Amino acid sequence: MSRPFIFPNLAQLAANMSGRRMTAVSYLVVAAGLVALVILTVDPAYEAGVEAALWACLAFFAFEWLARLVHAIRAQRGLAYALSGGGLVDALAAIAVPIAIVCGADNRSAWLLGVFWLLKLVPGVPGLRRLRRVLVLEAGSLSSVLVLFLMVLLFASVAVHVLERSVQPAVFGSLPSTLWWAVVTLTTVGYGDVVPVTPLGRIVAAMVMISGLGVFGLWTGILATGFATETRRDNFLKTWNSVSKVPFFASLGPAAIADVTHMLRTMDLPPRTMIVRKGAPGDCMYFIASGEVEVDLPGKKVRLGEGDFFGEMALLGNRQRSANIMTTELSRLLVLDLVDFHVLMARHPDLAQTIDAEAQRRVQENK
Amino acid sequence: MSRPFIFPNLAQLAANMSGRRMTAVSYLVVAAGLVALVILTVDPAYEAGVEAALWACLAFFAFEWLARLVHAIRAQRGLAYALSGGGLVDALAAIAVPIAIVCGADNRSAWLLGVFWLLKLVPGVPGLRRLRRVLVLEAGSLSSVLVLFLMVLLFASVAVHVLERSVQPAVFGSLPSTLWWAVVTLTTVGYGDVVPVTPLGRIVAAMVMISGLGVFGLWTGILATGFATETRRDNFLKTWNSVSKVPFFASLGPAAIADVTHMLRTMDLPPRTMIVRKGAPGDCMYFIASGEVEVDLPGKKVRLGEGDFFGEMALLGNRQRSANIMTTELSRLLVLDLVDFHVLMARHPDLAQTIDAEAQRRVQENK
Amino acid sequence: MSRPFIFPNLAQLAANMSGRRMTAVSYLVVAAGLVALVILTVDPAYEAGVEAALWACLAFFAFEWLARLVHAIRAQRGLAYALSGGGLVDALAAIAVPIAIVCGADNRSAWLLGVFWLLKLVPGVPGLRRLRRVLVLEAGSLSSVLVLFLMVLLFASVAVHVLERSVQPAVFGSLPSTLWWAVVTLTTVGYGDVVPVTPLGRIVAAMVMISGLGVFGLWTGILATGFATETRRDNFLKTWNSVSKVPFFASLGPAAIADVTHMLRTMDLPPRTMIVRKGAPGDCMYFIASGEVEVDLPGKKVRLGEGDFFGEMALLGNRQRSANIMTTELSRLLVLDLVDFHVLMARHPDLAQTIDAEAQRRVQENK
Amino acid sequence: MSRPFIFPNLAQLAANMSGRRMTAVSYLVVAAGLVALVILTVDPAYEAGVEAALWACLAFFAFEWLARLVHAIRAQRGLAYALSGGGLVDALAAIAVPIAIVCGADNRSAWLLGVFWLLKLVPGVPGLRRLRRVLVLEAGSLSSVLVLFLMVLLFASVAVHVLERSVQPAVFGSLPSTLWWAVVTLTTVGYGDVVPVTPLGRIVAAMVMISGLGVFGLWTGILATGFATETRRDNFLKTWNSVSKVPFFASLGPAAIADVTHMLRTMDLPPRTMIVRKGAPGDCMYFIASGEVEVDLPGKKVRLGEGDFFGEMALLGNRQRSANIMTTELSRLLVLDLVDFHVLMARHPDLAQTIDAEAQRRVQENK
């Protein structure tokens, strides 16, 4: 069996592996592997069968890594892939367990390294990018709270150590075990395995607990602030590109378009999704940035395409939707909420006229 | 007894059942049923009496469901009702317990299904719609935090399992029970039934606890951001329709009306409610969107109707309310806070003049 | 001893009792009473002495109530005072303990009612008004979260009761004690006195804990939103009245004044307070709304009065304060932060010129 | 050995001690001292060695304090330094332990005072200034929540004391130990060492727990609001001075510059830091406020200096960075995010033209 024969196939496979279906399979294997891992620690009775399953998962990950590596080498990006985050995770998933076994770890311990398979799921987590941006931008504030936290920790530990060591030498006799108590208390976990009993010790502990609430509050305050900013930014970026594709907004100047972008929300819908249900109360209207929808009018079906809008009647007085509307293909819609609709119409009377005219034309047509 | 005779009555009843009084009765029955349920689990001595009460509740719910179903069928919406959220809840309340009894469950267990009666209260919870909107819109971010949470959980569990299994095989010997510890710790619940004791295990645990604070913070940050947006939206929607009914604001252009809407707060008051108490300090003025109020001036009573305003004197220097004012019927008022009053008057000097003129006219009249 | 002789004295005293010094005495008595209360429960040895102290406190409160009541009756507002919040608290403080003793409660229990003396401190808590406004305005959202909380509680209790009652009949055998577990868990308190042990029970418990984080988040999100709004409102109200007294801002139109008000922060200072320290870095300037300050220039002392401003040089390039400045009497200052200074100067070039001119005049004068 | 000989050297040393390297040494000594401190409490076996290390640390701090003091005295600011925050911390670090030993404390207890060395790290904590400003400005609100917290605490304690004292006299028999329970519960720490068992006691406890969530929420809400304000302020201050140095923005009026300042983020980078990586997705552009960068174009290297901008192509359609760019010296960059770029270009079409023209010139040049 000569290498060139295998390599093209592998490369072929790897090329397919970035596809949607393959990712789903990969996720399933990760899930199966983790379940097997958990079972392995519970009951030695199933050990043989479970280990077979784990070997199968490992084989899959090893193959996946190899295939992707070969594909990357063929595309002249071998090293780039190998050292990228994804490449390292793939490598870790493939070789961590075998290396542990080779190094002489017992089987059950070695398989525990399979927990790194979990990292394969990271790219699939929605919104993780935004979370990371918040954490990076607020890193300064967060770490300063962390330092504050550590200082409170150390001071509290020394104080309680001094106050309690003679009464409870076993648990407050050394600083490390007192630090353990302090962490458990300051995070408001409160196991209750180590508890001060002297009056002064309890007063210090009470102050530590109240500081704990403060740390919580600071941390949350920072993250809340960061999140509010990032959410606005994300929505704006997602919507900005689509707005320019809707002719309805073309008449607006660039300043107004930035304004409108802040008001719209982007929504990506798969084919054959019901957007509007007849008779339901309506509180927003839609612009089609891409794709197509089908309006189910009595007696006929009307199709609306890129740049069209619908649902405006619910905002012009008639609060009930008058027809079912669903997508016919993968579509991106821009949603304009009732609130922003009023504001927009107020600021741009010409848009209001356009929408009014179209709404009346539609009413006429459907009579 | 022929069906046609029963059906009309049932339909009649069901039609009445959407009324306010009937809803109150329904809530009372739910409350009674749940109390009975709780008592049933406490003391077998009362079993006979309590079960009788439970059967009565069940009969009520079965009747309610049937009546509504018949009413819906008559109105050609039988299936729509049966499959709607409300319909399913009604069905569940009516048939869950009987089915359990028929399936052979013992009495006490079967009655526990009565907890589903609780779902009948859902439509009556104020603000639940807003809560749901926040959760839906922020679902992406929230679930990404949840995934993060699960990853920390699994990694922490494997690490602590490795570090503690030899010392505490009973509680850290298998991954599921270590996962239990991790959940209890990461959510800062901290029962204390399972606690790491090795130094390294405690260091990992401390890091898990601090991550717990972070998860809290992220979660809260996301929800706080979402709530701020939704609250503004709700207030705007509620107020928008009322503003246009107040002639006082008619002179404003549409852009200014959107502005004003952001400043007002809507307040719905039942008849004969005291709005303003003589001598109390005043920090807002009121516009009547609908309904009527009665001003209790010395020697005479003046009535103000839709479109009128009052309470402006407290904002024009005289901080004490000069008369009692109460509603005579169900009224909707728009409240303009002192802060926004100043801003509004500054931006629209003509409104300021109107209010000034009216205030002076009133002072003259009351001399 | 005839009444008319006592009454005037009492009324006289009560009139004085609203003064600052009397309030301080009242607070001290409350503190002393509460300390005595706590000691009474600790050690019966001190009982005699402690009770004497408690009787003294009670006598003070009874006298205070009586005096205020008489004063109010003389001012024709007897009933109004008796039924007002303050009046009821005064009454409660005066008669709760005696009534309990008369009703036959043992001494130590009766004195515990002295905890109501605490309510006397309420009017002295700063910012409580703002807190209350937030709670009132957000009552709808908060109670809807509470209802959600109760529903999760009941469903979780029934589920865990079913799953655990056969294994731990003592603690999960009845719904009330399971509800206790659910509250302890959902609030993330986690005493550990009642802990599920079955795998399914633990899975339900884990979901309850995670819901607990969500409830936290919602609650906090609502309160954070409400607080942000109220804080802005409070600052605006406090500053608004002062701004109009500063001639410097008189040249601005009313719209700009509303703008400026949002930028300023009010600061009330007692006499002889150091505001600016020579050599310290400066990042704000001050306007005097009322009162007077003394600038300690080399060789002379300059006094600035109502309407003057100072500290502007630190914002015009020279970041170090060039002189000590302190108040000579109770003064209200408006603080303009460096950030807002730049924005204000950018929007109103004429103000910038005025400040520049004054700064140069001062530099000339001090040469 | 005559004093004049030592003093100059000390002063010399102290002058150097404010340098970066010396601070790093100081931090290392603090870390080493604290580790030694912790070890001392763990195992008496290492006592001799560990104490030697502690004496060495102490000697360093004593020397540091003395050197700084001498330096300050020479610069005529001896008293100012001695009474400043930094001076007091230095003194405490130098003399707390010796004083304790002199006063007769046993060795191990005396060394525990070494925990004050921790305070030396405070100036090095990033963002602590902002944290402090938030806490100072919100002190009113925070303390009002604290008072609320204490009131709930006392009322709950008395109630549970009354309800539980007969059942659990050991733990609920006196108010102080009941207060301990209340703090542990209200902060949601929940050790579980003291738990109410009567039905009524548990109902009160449940209400305390739910109040605990509320306190959390209020606290967090206040801090979140404060943090949002301070973060905006900090960014503005940092950016304001740099913006005026960029000629690109010079054409804007002062009002627009205040606007732009709100959009930019300042970034300080050490020499030879990669800013932009070829092929990476780009979502911001950069203005050089000070320093210099090197653009690594194919075949040549171009240097951009103060006032230049780069990275604009990624915002004009081509989302991939076209070259590596790194700093050559310590540089301050102003980052303009994609979102704000669009808004800025929309509001100031002339800026858009300038950027477009420069981008086209660069494209031409690189062909």
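So that you can tell them apart, the chains are marked A, B, C and D in the order they are listed, and the count of residues begins at 1 in each.
The rule we apply is simple: contacts are C-beta pairs under 8 Å (C-beta built on N, C-alpha and C of every residue); 3 or more make two chains touch, one makes a residue touch a chain.
Computed from a prediction, not measured in an experiment: that's the story for all the values here.
Under the contact definition, chain C and chain D share the contacting chains A, B.
With centres computed as the average of Cα coordinates, no chain lies farther from chain B than D. Superposition on CA atoms relates chain A and chain D by a rotation of 90 degrees, given as a multiple of 5. Per-chain Cα centroids separate chain B from chain C by 28 Å. Centre-to-centre spacing of chain B and chain D amounts to 39 Å, using the average Cα coordinate of each chain. Along chain A, residues 176, 188-192, 216, 220-222, 224-225, 228 each make contact with two or more other chains.
Listed in rising order, the residues of chain B touching chain D in the complex are 188-192, 220-221, 224. Against chain D, the residues of chain C that register as touching in their complex are 34, 37-38, 41-42, 109, 112, 115, 118, 121-122, 125-128, 130-131, 134, 146, 149, 176, 180, 183-184, 187-193, 215-216, 219-220, 222-228, 231, 283, 337-339, 342-343, 345-347, 349.
Taken in their complex, chain C has these residues touching chain B: 140-141, 143-145, 147-148, 151, 154-155, 158, 161-162, 173-176, 179, 185, 188-192, 195, 199, 202, 205-206, 209-210, 212-214, 216-218, 220-222, 224-225, 228, 232-233, 236-237, 240, 253-258, 261.
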